[in-house]
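You will see chain A twice below: alongside chain B first, and alongside chain C after that.
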Partner chain A sequence: MSATVPEAAPAASGDETPERRFPTAPLFLSAPAVLLFAALVLIPLFLTALLSFNQFDYATGRTGGFTLEHYLSVLTDEYYLEIFLRTFRISALATVICVVIGVPEAYILSRMSNPWRSIFLLVILAPLLVSVVVRAFGWSMLLGPEGPVNAALMAFGIGRMRLLYTEGTVIVALVHVMLPFMVIPVWTSLQKLDPAVEQAALSFGASRGTAIVRVVAPQILPGILSGSLIVFGLSASAFAIPGLLGGRRLKMVATVVYDQYLSDLNWPMGAAVAALLLIANLIVMLTYHRLVEGHYRRRLG
Partner chain B sequence: MTRNGPVALIFHTLVVIFMLAPLAIVCLVAFTPENTLSLPTNGFSLRWFDAVFHHPDFVQSFWNSLWLAVLSATLAVVLAVPASLAITRWEFPGRGFLNALFLSPLIIPHLVLGVAMLRLFAIVGATGSFAWLVAAHIVIVTPYVMRLLIAAISGFDRSVEQAAFSLGASEATVFRRVTLPMILPGVTGGWLIAFINSFDELTMSIFITSPSTVTLPVRMYMYATESIDPMMAAVSALIIGITAVAVLLLDRVYGLDRILVGQH
Partner chain C sequence: MSFLELKNITKRYGPLTAVGDVSLSVEKGEFVSLLGPSGCGKTTTLQMIAGFVEPSAGTIRLDGRDITRAKANSRGLGIVFQSYALFPHMTVFDNVSFGLEMQRVPKGERKPRVEEALSLVHLSPYAKRYPRELSGGQRQRVALARALVIRPPVLLLDEPLSNLDAKLREAMQFELREIQRKVGTTTVMVTHDQAEAFSISDRVVVMEAGRITQIDQPYRIYEHPETEFISRFVGKTNLLPGKVTTATGAGATVSLAGIAVPVEAAGLSVGETVTLCIRPEKLHLTVPTNGLLTGRVADRFFLGSQWLYHIDGPLGTLMVVTPNDGSTPAEQGATVGLEWSPSVVRVHRGAMAEAPDVALEVTG
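The block that comes next holds the complex of A and B.
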């Protein structure tokens, strides 16, 4: 009987070090989570990938068969090309603005002393936890025709401007939502930085600007890059901001997927757009992963 | 510590105003006595809060969201504790894959998860089911719990457990009396961040809720695309209040900077 079930040995026996032979304990421990993730992540993604190759019959709404027409029309139809281009343009601009605002802000925060540093870090990061619908609604009031921004424009004699449902408004709101994602990685790389190095540069006669450009900037560059990739990826798939502030005219990729699914009921088309969005996002995120990992390895090596 | 110059401080003030302005205006407008979205210039009124509490759709959605967040955060912790133990304490084939699988909802856009789950729900006939909605929310909040738990378990001195074993404690006792108390900050912090993320989630939920299971963010999104009155501001102010309470709790039990910025 000793030879029949070798893997039934109690898992706790060799607990001191990670076990070398195939252990059963982690299998049991992770099984419930694995089952849930297989059922609700892997299978649905696979089904949606299949769906994106199905034909769609507008008359009956039925789906079936195999076709590449949805991918072809996304890549050739001007309507979709324009939306992908607009999404790319808006996300890129939001990313650049996040760098321009977020990097100096993280640097200023890191030079504050407590308690101000903790308080303002909380002020900058906590909006991240407030529902994006609330923040979009806040911007629609700030920039609305009766809002304080237009009131200020009137007071300065510029006159009322139509700010809602423009690309500018979508970008401003995206920057507001994404700024914490830029501040966090830059802040993290600033924390690793030894302030003595900057002091040394200053004491050797470097100007403040030179010290920042030649000493601080190179060390936080990986943080800026990873922040940019996160901000770009999240902006490109943002839904609530263009949905509430872009109106019917200003579509982005996510709002088009929503329309295809819930208004046009053309699920295969929506699935194809979603699949392309996922692939683009995975490329961005894996680049991020490589970058951060590579940086980490270099620092250790 | 070097100090910031005046230019830096002005820049900083503008950034802080930029971050807080949309939240501040929502909270102010919520107290307006007028019928339109306007700042309360003629005194404060609670009429729009009253309107929210008497609006059956908003009340129902609030309870949906609350139960959904409590259930999915709790079940995510129940699933994530053993899974994190498995990932951090054993070397086994497929460990890297499991780790990537559990963190994947952070990388996959919620929009894509939403359409994928809609497809699954349509096939198995789960459209409109609250239980399946809970399951979907468990998936998106589990990565947040796992990140904190993996950090808590990795930075854990195992000699304490071994001491308990050598004194004759059973595995269950060691887990209950030694392991769990030591990772408790990770568990409570993970539960709170999971609660907040589930309570706020819009993009996935909008695809998989039905009229009876509509969550508060989805209800607000629908409401805001049709009509805009100060009731939206009152609901938003209530959400900001609930989030603020959760954030303060989170800061107490775990440290907000540790959760958002990572361990250092």
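The block that comes next holds the complex of A and C.
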């Protein structure tokens, strides 16, 4: 691809020093974003990575130096492995459910005509305006032992159930929070779709379902892919939802990091767990990206 | 009984009547074009035949069967969309094969049929490419092959050539007609380009604001436009307002700004207001003393095979087209005579409409 990019067009105007201005302008223009990114992301990340190699002693606290001990203990400790596995299981399930709900939702949305489409788009996006913490509290009130859900279960004679602090609840709440991040990219790729393409499939005798599966779905795959990556990444590092709805019983990686930093005060250990989460997340997402997108790159460009 | 028959088809969108009371019969194997300016309801009509838009009233019959309310995916028609609507994630082969697959044609039979369709449109070497790796003209052919491979009773084309550049468009016009002749599929094409409609259709349906104003062979529409709108929309024309001064059976004399012009038209009455319509190529330049009227060459344009003159005279500016036969053209500013035969003058009753340039954009 890059080989076919045409040579930079010669400056048409009477600019005296086009070759000097050309390289500096992009640098200059991107500088604020680069600085911001460096200051807010790269430097803390680098400090965290450094921190994770520091030695730690419960009596004296952080002592500097260099050790791989924290990484080793995380990677060999069943407790941590279980939490990592649980985190990825919950995130994967939340992602799958978001795809199952979000993709049809976006499709139906794209089929609506205008007053309704705007209204429903707003309804889908509105939760983003409410803090995750508030929404998590909402779920915990709803599902708590004295909440309306249990009251209803009692009224129907099913009896009280423990709903809070279960994986199911965490997944439901994650799906609730993450759904807009699935709907928006899918909706965007649906907007780019030529409606005649689906009509073409119908004109060849395809049923609606076949048309969607064979013609529409493959074309919005990039949208589903980016939605999945966002949802998975955000779920795997989610803190407020598992913190408030998983409680002490159901820990996820982000809540463990929090515990290490603030309860055990073992900062290097927390940093090591955080670094491992980042690495694991990257591996999962890159693999997924490769698998799905590699398959469609040539076709959809 | 014709093969495809629209009867009093109407489509209303709220207060807007997109298509009003359209009736049309298409014979088997015929190539019919719907011609009209943008927004006149051509696409809507085609979409009702295709089954993507449900008519508000009227019936559509295909081969004697009422398909007015039939689902689009049960009609089995071949459609070429304006945007081509190829499946971008499938190869050319799979695009063409899709319709056969949907019709449950066995796999072994599909391959030869796809290959046959691709060779019909000269695309055999491109079977393994993806649509985005093709040029506009090639995509257009894929769309055509894909529509023809299912052997549809009717082929519907919505502005099939409008996305191509001028040269390719002309080449594809003839190729489209040749392919249609070869396979013999009944075809309805929508276009706003009169040259396209005229060159390849058996009959042309002129539409104006949702209604059909004339259905005829291309030649007859050009020579005998039934309304002033059509004479303006179809090709270039000189429109001249006048008054009937004498009327005798099959002929009459019309006074144009004091000049008496004989015409061949029956049923006119003396004193009636009429509009005369004379095609530029029906006017001939001659020496000033010989013409029915004289004028001055205000402008002349060289069109390759023809010369186009603007002649200023007592009737305003007239357009004259003469073939470039190699002789010396009239000079700018020269005084010339204009003559024509009374039989080429078309008479429309009533005064000339106000805005004379409604269709200038489409007089290709």
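Here is the rule we go by: the second predicted complex is superposed on the first by the 236 of 301 C-alpha atoms of A that agree within 3 Å, B and C clash if a C-alpha of one lies under 4 Å from a C-alpha of the other, contacts with A are read in each partner's own complex, and residues count from 1 in each chain.
Throughout what follows, a contact is a pair of C-beta atoms (placed from the backbone, for glycine too) under 8 Å apart; a residue touches a chain by one contact, two chains touch by 3 or more.
What you see is a predicted model; the values in this text were computed from it and never measured.
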Check your understanding: After superposition on the shared chain, which partner residues are touched by A:A155: those of chain B (first), chain C (second), both, or neither?
Key -> neither
>> Quick check for you: in the superposed arrangement, does A:A206 touch first (chain B), second (chain C), both or neither?
In response: second
Query: Which of the two partners, first being chain B and second being chain C, lies in contact with A:Q219: first, second, both, or neither?
result: second
Partner touching more residues of chain A, chain B vs chain C, is chain B
* First (chain B), second (chain C), both or neither: which does A:A59 touch? -> neither
* Go through the superposed model and pick first if A:L51 touches only chain B, second if only chain C, both, or neither. => first
Item to complete: Return first, second, both or neither, reflecting whether A:V197 touches chain B, chain C, both chains, or no partner chain.
Response: second
The residues of chain B that touch chain A in their complex are 1-4, 8-9, 11-12, 15-16, 18-23, 25-26, 29, 36-39, 79-80, 82-83, 85-87, 89-93, 95, 98, 101-102, 104-105, 107-113, 115-120, 123, 135-136, 138-139, 142, 158, 162, 165, 171, 196, 199-200, 202-203, 206-207, 217, 220-221, 224-225, 228, 232-233, 236, 239-240, 243-244, 246-247, 251, 256-257, 260-262, 264
As the complex stands, chain A meets chain B at residues 12, 15-16, 18-20, 22-23, 25-30, 32-34, 36-37, 39-45, 47-48, 51, 101, 104-105, 108-109, 111-113, 118, 120-142, 144, 146-148, 173, 176, 179-180, 184, 187-188, 191, 195, 237, 239-240, 243-244, 254, 257-258, 261-262, 267, 270-271, 274-275, 277-278, 281-282, 285
Per the touch rule, the chain A residues reaching chain C in their complex are 194, 196-197, 199-208, 210, 214-215, 218-219, 296, 298-301
Note: in the complex, chain C contacts chain A through residues 50-52, 72-79, 81-83, 85-90, 98-99, 102-103, 130, 132, 146, 150
